[in-house]
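Listed after this line are the structures, all set down as structure tokens.
Consider the two complexes below, in which chain A is the common component and chain B and chain C are the respective partners.
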Partner chain A sequence: MGNISWWKWLGVALIIYTFTAGMLVPLQHGIVEVTPRSARTGEQVTVELTGYNCNYDQQSESLKAWLKLDEEKTLGASSIEVLGPRRLAIGFDLPAYLPVDRRVQDFSLILESKEDGTAILPTALLVTQDSIDPEKGIALWVNTAVNDLTVSTGMTFPFRPIIYETIRNTYFHVALWLSMMLLFIAAVVYSVRYVRNPMPKWDSKARAFTSVGLFFGILGLVTGMVWAKYTWGQAWSNDVKQITTAIALLVYLAYFILRSAFEDPEQRGRISAVYNIFAFALLIPLIYVIPRMVDSLHPGAGGNPAFGSEDLDSTMRMIFYPAIIGWALIGAWIANLQYRMDAVREEWIERLD
Partner chain B sequence: MQIFNEIAVLLGKEIKLEWRNKYAISGILLYVGATIFIVYMAFIEMEPVTWIILFWIIMLFASINAVVKSFVQESRSRQLYYYTLVNPTALLTAKIVYNTLLLLLIGFLTWGGLSLFVGNAVVNTRPFLLAIGLGSLGFAVTFTFISAISAKTDNSASLMAILSFPLVIPILVTLVNLSKNAIEPLASEGVQSDINLLIAIDLIVVGMSLLLYPYLWRD
Partner chain C sequence: MKRIILLSLLLGSMFSQPLLAQSATPDFMRSMGKMYVVVAVIVVVFIGIVIFLTYLDNRLTRLENQIHDNDQKQ
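Then we have the complex of A and B:
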């Protein structure tokens, strides 16, 4: 065991941490669905709610619910009846007029629970007004301030509609893709070193890092397709992000075909290093610029915000950043084994000659 | 400056060589003409968007055929002779300039040919001229550099396609997006960002190939 370097242990520890924490930490309390989604003014509406990661029947008296119009105007629930551990019936007395000059107004639903924390469903209820009179609406509005919200203290991941539990894929899909970039950068660095000083070990390292990077790229694409199956509806939807990824993988497959075309190791090393540097330079516009300019479903493309600022909370960061480092270290270990094998093979060929 | 003299002499040599045997240029002309005629017979009438896409596909294949010969055609001993005389960067620059001019010619011929048979879909000339100019440069540099790589192998023609098609896709996608502005009377908002992206990619490929060629040529 003595000859395993510290960074390999670190990589294994980080990957074990990624798998255990990434898979075991529960999601926050959330609202999966409410019925009905629409109501009219002046009526008494009872909304049936299905929650997630909650236990309503243990804490029926501490539950509170509000319909939120904007930062100042919220409407408290008139009654809350527990139907089951995950199901509630919440009654609201809607006023005859709303304090807005719109025909249809959307309300968010806030559900507060002492044990499970607060859950919010945006655009939960659409209320249609029969006649519009904001002044009467303001006069009729009975404001119930939202207070005593419980911030859940345990380790949880954010609850996001559509994504739900697949949010854990961040530690695999996104982290694998970023560590693939690190491996490709390492390969380019070794290619540059080979071009400047043609020693066989630089070429061997460049090849090893490129092959592991390609493998991680394929894993990143596959985990992305699994995610797309659950969130976009199908694994492959010809999204620009998927197409540019496939092209990037073709560029690197071509690298290995180019290598196999040469007999002479010096020529193979030099020309494949030159191609590797040239290809990497063109990869940047391909996978980082073009997807941002075309319509896409992927976060961080087609004007969509990148997955990060809002969705990646501090708990997720605690696993996401170690995951990137862990995957990169594991990749470096695989590459390390590959180029050491190369060295051993060279040595034996020399000895046998 | 000696390097500019070398480039000028080498460029003159390329053009003179082309002019004397006229083999490549007439082959390309026939290639473009035949492709346009096939496209015309297959479609007769086409949507402007289809016109743009077909234009760039014809351009792509004609370019790769025109450029692939730049390094393959010359024997190793003659290349060795060049390298004893001139700077490798000058040699590559001369080939890039020559191929850019050749691709510009192919671009305008394809445009003219398509207009003659199918009709001209281009309403807004400025973005289309820019696309042909920037596209010719990007294609010429990428294909010239990749042909220099693939000329080192025995199976250069198929390797040329494998190596260069994935690499030119960023240029091709941006060109198609930019050219789509040419079929509308008014250019859209995104036209400037497409032009900037194309200029950036062209600069990347020019810079990288001039930087890397000195390591590539010696055998």
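Then we have the complex of A and C:
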């Protein structure tokens, strides 16, 4: 197609793939909520459950449910009544004692469905006991082994409480952010080349990649705020990740203000190249080190990597990695337009002289 | 500059739409498993790209005018 390089088409193809697969693949079967959330030992409790991506009324025979403490201590449901396609009433005969030496213990709820796959709700039910006797409790709680769990086949995304469908933002917010890193790395490479060999084209390329990187960074911050509004509760909660990101973006914004302060292209090129290297050196601790050292709402806080096996399964990786490359290539295309424009101006000025 | 103000007014009116809808039905953004949050994020990314293209367009126009004016002088 004319003069358009292959890598630009590759970027477009990857983004189309990201949108198509990212939006079409369904979420796994999950539990949205249960009521009540607390009970006492020795009573019969009926938990009303609302599911997601499920069809309970078409498979009432095969449904199974457990309250689970750990691999050994579980309690099977005494009755399961289908209230609707997405609603169940699950009865549990809670024994008189808990298998722990604490008054209150939380249990996960496991719901097994042959058709939709297994759903788990952590901390589903808080059970309170009046008198403590762990030995009796252990004998009472080892009653049903959790087995024959159905693993959902086919392509699905994990179901996470609170996150729900917004897990798809991984391909837009998170992938955009990582491609911003790639663009800033490209910019820093060109800045280093300018410091070693001050040719105007290296400065122009560094400027172009930094501007697209900053643009992706602002998009990352704004999309993060939209996402945060509906998962953390408010768009801006002064979270450490939000603050350090804003500082990093301001540092990069200052790069452009610095550039506009110089008339002489050589002076501008040299100083802004050095500043760009400094800005990149600041970016790494600001967005990768500090948020991990303190508490944050953002995944990746408290020392764990941002994407553990919990957050990204193999299906998501199949879309996530192409998405990063796709967004980076689109960003490189925009940068490409900018430095070609600079080159035209350069050539024109040379011809005038 | 005028165009930027117009564009931001337009975007502002676009964003107030879902906000109004939200107050009418309190859980519009949270309905369908919060699917509309994904839609909002994609819309933000697209609007961002359009704004960036507008900025590039303006820079290119300025360069074109510079070259054009200079040719006329000669």
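Note that in this section the second predicted complex is superposed on the first by the 337 of 353 C-alpha atoms of A that agree within 3 Å, B and C clash if a C-alpha of one lies under 4 Å from a C-alpha of the other, contacts with A are read in each partner's own complex, and residues count from 1 in each chain.
The rule is short, and it goes like this: contacts are C-beta pairs under 8 Å (C-beta built on N, C-alpha and C of every residue); 3 or more make two chains touch, one makes a residue touch a chain.
Bear in mind the structure is a predicted one, so any value in this text is a computation, not a measurement.
Contacts of A:Ile271 after superposition on the shared chain: chain B is touched, whereas chain C is not. In the superposed model, A:Ala89 lies in contact with neither chain B nor chain C. Contacts of A:Thr223 after superposition: chain C is touched, whereas chain B is not reached. Residue contacts after overlaying the shared chain place A:Met155 against neither chain B nor chain C. Contact with chain B, but none with chain C, is seen for A:Leu286 once the two complexes are overlaid on the shared chain.
With both structures placed on the common chain, the touch criterion links A:Ile257 to chain B but leaves chain C unconnected. In the superposition on chain A, A:Met341 contacts chain C only, with no contact to chain B.
Of the two partner chains, chain C is the only one touched by A:Glu165; chain B is not.
Within the complex, the chain C residues that touch chain A are 29-30, 32-35, 37-38, 40-42, 44-45, 48, 52, 56, 59-60, 63, 66-67, 70. On the side of chain A, the complex with chain C involves touching residues 19, 23, 27, 52, 163-166, 168-169, 172-173, 176, 212, 215, 218-219, 222-223, 226-227, 229-231, 334, 337-338, 341, 344-345, 348, 352.
By the touch criterion given at the top, residues 195, 244, 247-248, 250-251, 254, 257-258, 261-262, 267, 270-271, 273-275, 277-279, 281-282, 284-286, 289-290, 293-294 of chain A touch chain B in their complex.
Interface of chain B with chain A (complex): residues 142, 145, 149, 152-155, 159, 162-163, 166-167, 169-170, 173-174, 177, 190, 193-194, 197, 200-201, 204-205, 208-209, 212, 215-216, 219.
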